[in-house]
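Below are two complexes that have chain A in common, paired first with chain B and then with chain C.
The block that comes next holds the complex of A and B.
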């Protein structure tokens, strides 16, 4: 559309200010991760210094950051894989089959987005406790326990996103494959999935971001063995003193992969963040 | 569903969806086959549904049950107390305080992020070069873990060496302890929440605007209608469903805020930033009052359910979903 020059300049000025308000805290904070301890808290801030990796080394090895990184990876990837295995076939059924309860079920799935995590976290904590005491089944502070719990927010999202991707494909695709002798599952596996895989990747990445950033459920249900990266960030705050350089190293380890994934995913982001309600 | 098919043993549709072996047409015209075909969707949906019932419905039933008894993690005896826990919760000053804080939080965070997000969505349409880059920078906050955002702003706002105070110092304003004062802590946390989430509104509104038809806007402009009237009479009404989605998502998220407040103020000073999630977490895990926390979380669920049901009904008036 045609925009008057003055309007465009004003838009640029405001947007650039907004961008600076985003970039300054993110970059200035991240820079601290590379500062030697002696200038972590200098005022005015020191901008010229010899960058060092000692904070990362300390966080990664002395404070067992590699362990938290490993835990975060296992939990995030594990819960996304589980959500995909359960969610993709369900999404396919919602997109292709007509059945009476489908609309109500899809709406119910969106309504799950409204549930406050405390409503889920508390009973799960109690359930894990009772299972352990009563039946000797230990799920507290284990990967399977967290991976199952994470399905509360991952699975509905996978179903909604994937249903959108399946609905974009013509139904004739698998029907002609079935005429040629494939079963429906065979057609889904060999004909449909190879075509929707970009959608699956987008779904997987977005769900990975949510699982990776999750804090509340992990705080309640994880322990020494399964602590995640976001939980470990909190350990660098001691009431009187914060180890800023170390803290920002952890922050950077949490943030960097997600920012890269976001750049890859940016076009699909809205769909996932809005549960595809806008479609 | 079943009555229409009663007449013929195999209809065309079933043939079409059949698998390879029944093309040979042997025993598959039986009722059993029809039954499995008619309910085949459960085969696909079933596993997901079972897990969802476990991770969503079970907790709600459990919380409701526990809220009617007096259960703690320490004690074995669990007397039935009826609605006593709910009464205690509603009569508890701290609970009411945290509920009011949450409402304050929801109101200012949602309206703030909505206005800024909408504004940015309108502005970015007027930009040509560098649009992609600007958009990419602006959406960085939503991809960050709220706990990281909180820790980062703690550092920015530090009274001694934080960039915000350093900047204020350049303007001649003395150092402030925004997070430690009861008068400013709540607003400061809300501002950080807005900082993180206005890009979500921006993305949703921008996506919504991209789907609007061009014709009505062009003809209005040709007729010399002012841009303000176009915005009021065309853009806003046509965007209504999109706006509702944005408001709904923001409301739900602001309502259950935990991470950000937990790392920035942990409810303090003097409970001025205590949100419902934080208060219930503390009730259960610090004070070991499981039943009361369960009662509180059920109240919270009912409340957010009511709000979103109202918004949903408004939304479904013009959007087809499902």
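The block that comes next holds the complex of A and C.
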């Protein structure tokens, strides 16, 4: 499809303006991460200085940033893996089989996405407390506890996205494989999954981003042992002052994997989110 | 292998009538049977039940005397070509054809031999390295055929495999399927809504409507001895001319038929079927090929005006208005009939059909 030159120019102008609006604050802040402490809040702001990594060193080692990074990775990757393992087969079932109240279930799932985290967080906290006291199962401030809690938000997203990909495929694809000697699971594995692979990648990335950025549930349910990066960012804003340089270096650490992931997998992401329409 | 369907019923939820309504059918080993019928008559459902992709509500399916009704599709040892699916998109042509062989854990060397042989058989050996994007619709359908055949199944199911192809390719592949059937000696069950395809392919044609089997017979039988008005109308293009009429006694002991605007004397072979039918309503049918243009009006002859002429090549299909009825008539194109001409139509007595107006059943004894 050829887009007229004038329309393309207009599109670029709009995109550039939007990029400036979004990126300038982020970049200006990010620059601060490399400033020595004395010029964090100089007025007017200093733009020319010798960049330093001392803020990163401070948050990473002195303030145990590596620990929060590790916790965030364990929780995010763990939640995504669990959501995919549970959600992909569920999505396939929703796409291919009609069962009692399957439609209502799908609607319920999407409604889960809409409720604010606090509605979920406090009951989970209470539940974990009872489990701990009643049955001796400790989930507060543990990785499994957070990973399970995150399923409330990740599973519906996985199921909704993946159901769309599965529904696009002709059922004859796996039926053909079933007649040719495979079980339904075998057909799913050998024929369907390779086709929806870009969709799985896109789903995984979106879910990873959600889990990685999640703040509120972690605030309620995590503790010293499982604190995440976003929680640690909060510790640089205290009542009397904001440690700008440290805060922005944590922010950069939080943003880095998302930016890297998106750049590496952007083709799959676009393909997965549009199901190849833009190819 | 012999395929037998016994009292097979399939009813889908949220539908008041059965998609397949207690059908009984025997397909002999090595036969090429064609399920023919209009869209929605239950052909696909029947085929899918044989394949095991749909579970019948009741009834049995046996292949070579073995009851397979409750077997998983993979254990039935048959092959199927689907209407809307031909190639696994993430595999190239070679891997597509090899795919069923991996399921039986065949050795790599043997797989290679089998894949190449099948590809040669359907003339796609030059495409083996191609991906889905690099093959045409017809080629993809050949891949599906090769993949289905590679396990050398004894029963071969095909659900309108040619319906998405253009006319020329369709005719070409039809011939190849017929050849494959002869070469393999397997039992083929072929589904189509195209009666011409059914006639050219089938040893046996099974005409279906609304989940019921209307008639089972050779192409010749369903064409020349339709058991009811539906089969008579559905089989054959252009389709049979059909009129409602009333039976009456003629002076010489034979029967006559009152049709809107004219009447006819009926040939003797109807006498038995019409014994108690004087005054009854019947459906009279005559194929466009069985009507002749006469130079003069005469006995069993009616006159009308040509309203429409369609060229079919060497022949024309003309439509002649006789009172309320428009008769389709096949004439030699060289006769150069024109719109507005007056024609005298003569109906070949030997090719008239009569059906009971209520039951739509043929009023001829079951013979040609």
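The definition used in the following text is that the second predicted complex is superposed on the first by the 239 of 279 C-alpha atoms of A that agree within 3 Å, B and C clash if a C-alpha of one lies under 4 Å from a C-alpha of the other, contacts with A are read in each partner's own complex, and residues count from 1 in each chain.
Going forward, contacts are C-beta pairs under 8 Å (C-beta built on N, C-alpha and C of every residue); 3 or more make two chains touch, one makes a residue touch a chain.
Note that the structure is predicted; figures quoted are calculated from it, not measured.
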Is A:263 touching anything from chain B or chain C once the two structures are fitted on A? First, second, both or neither.
first
Should A:195 be classified as contacting the first partner (chain B), the second (chain C), both, or neither?
second
Quick one: classify A:233 as touching chain B (first), chain C (second), both or neither.
first
For A:177, using the defined touch cut-off, is the partner it touches chain B, chain C, both, or neither? Pick first, second, both or neither.
second
A:159 contacts which: chain B (first), chain C (second), both, neither?
first
Give one of first, second, both or neither to describe whether A:26 is in contact with chain B, with chain C, with both, or with none.
first
Which chain, chain B or chain C, ends up touching more residues of chain A in the combined arrangement?
B
After superposition on the shared chain, which partner residues are touched by A:124: those of chain B (first), chain C (second), both, or neither?
first
Mind sorting out which residues of chain A both chain B and chain C touch, each in its own complex?
175, 178-179, 181-183
Spell out the residues on chain A that touch chain C in their complex, using ranges where they run on.
98, 170, 172-173, 175-183, 186, 190-191, 194-195
For chain C, which residues are in contact with chain A within the complex?
13, 51-53, 72-74, 76, 78-80, 82-85, 88-90, 99-100, 103-104, 147-148, 151
So in the complex, which bits of chain A are touching chain B?
1, 3, 7-8, 11-12, 14-16, 18-19, 21-26, 28-29, 32, 41-45, 86-87, 89-90, 92-94, 97, 99-100, 102-107, 109-120, 122-127, 129, 148-149, 151-152, 155-156, 159, 175, 178-179, 181-184, 209, 212-213, 215-216, 220, 230, 233-234, 237, 242, 244, 247-248, 251, 254-255, 258-259, 261-263, 266, 269-270, 273-275, 277-278
Enumerate the contact residues on chain B facing chain A in the complex.
1, 16-20, 23, 40-41, 43-45, 47-49, 51-52, 54-56, 58-60, 62-63, 66, 73, 119-120, 123-128, 134-148, 151-156, 158, 160-161, 163, 166, 195, 200, 203-204, 206-208, 211, 241-242, 245, 249, 252, 255-256, 258-259, 262-263, 276-277, 280-281, 284-285, 290, 293-294, 297-298, 300-301, 304-305, 308, 312, 315, 319, 321-322
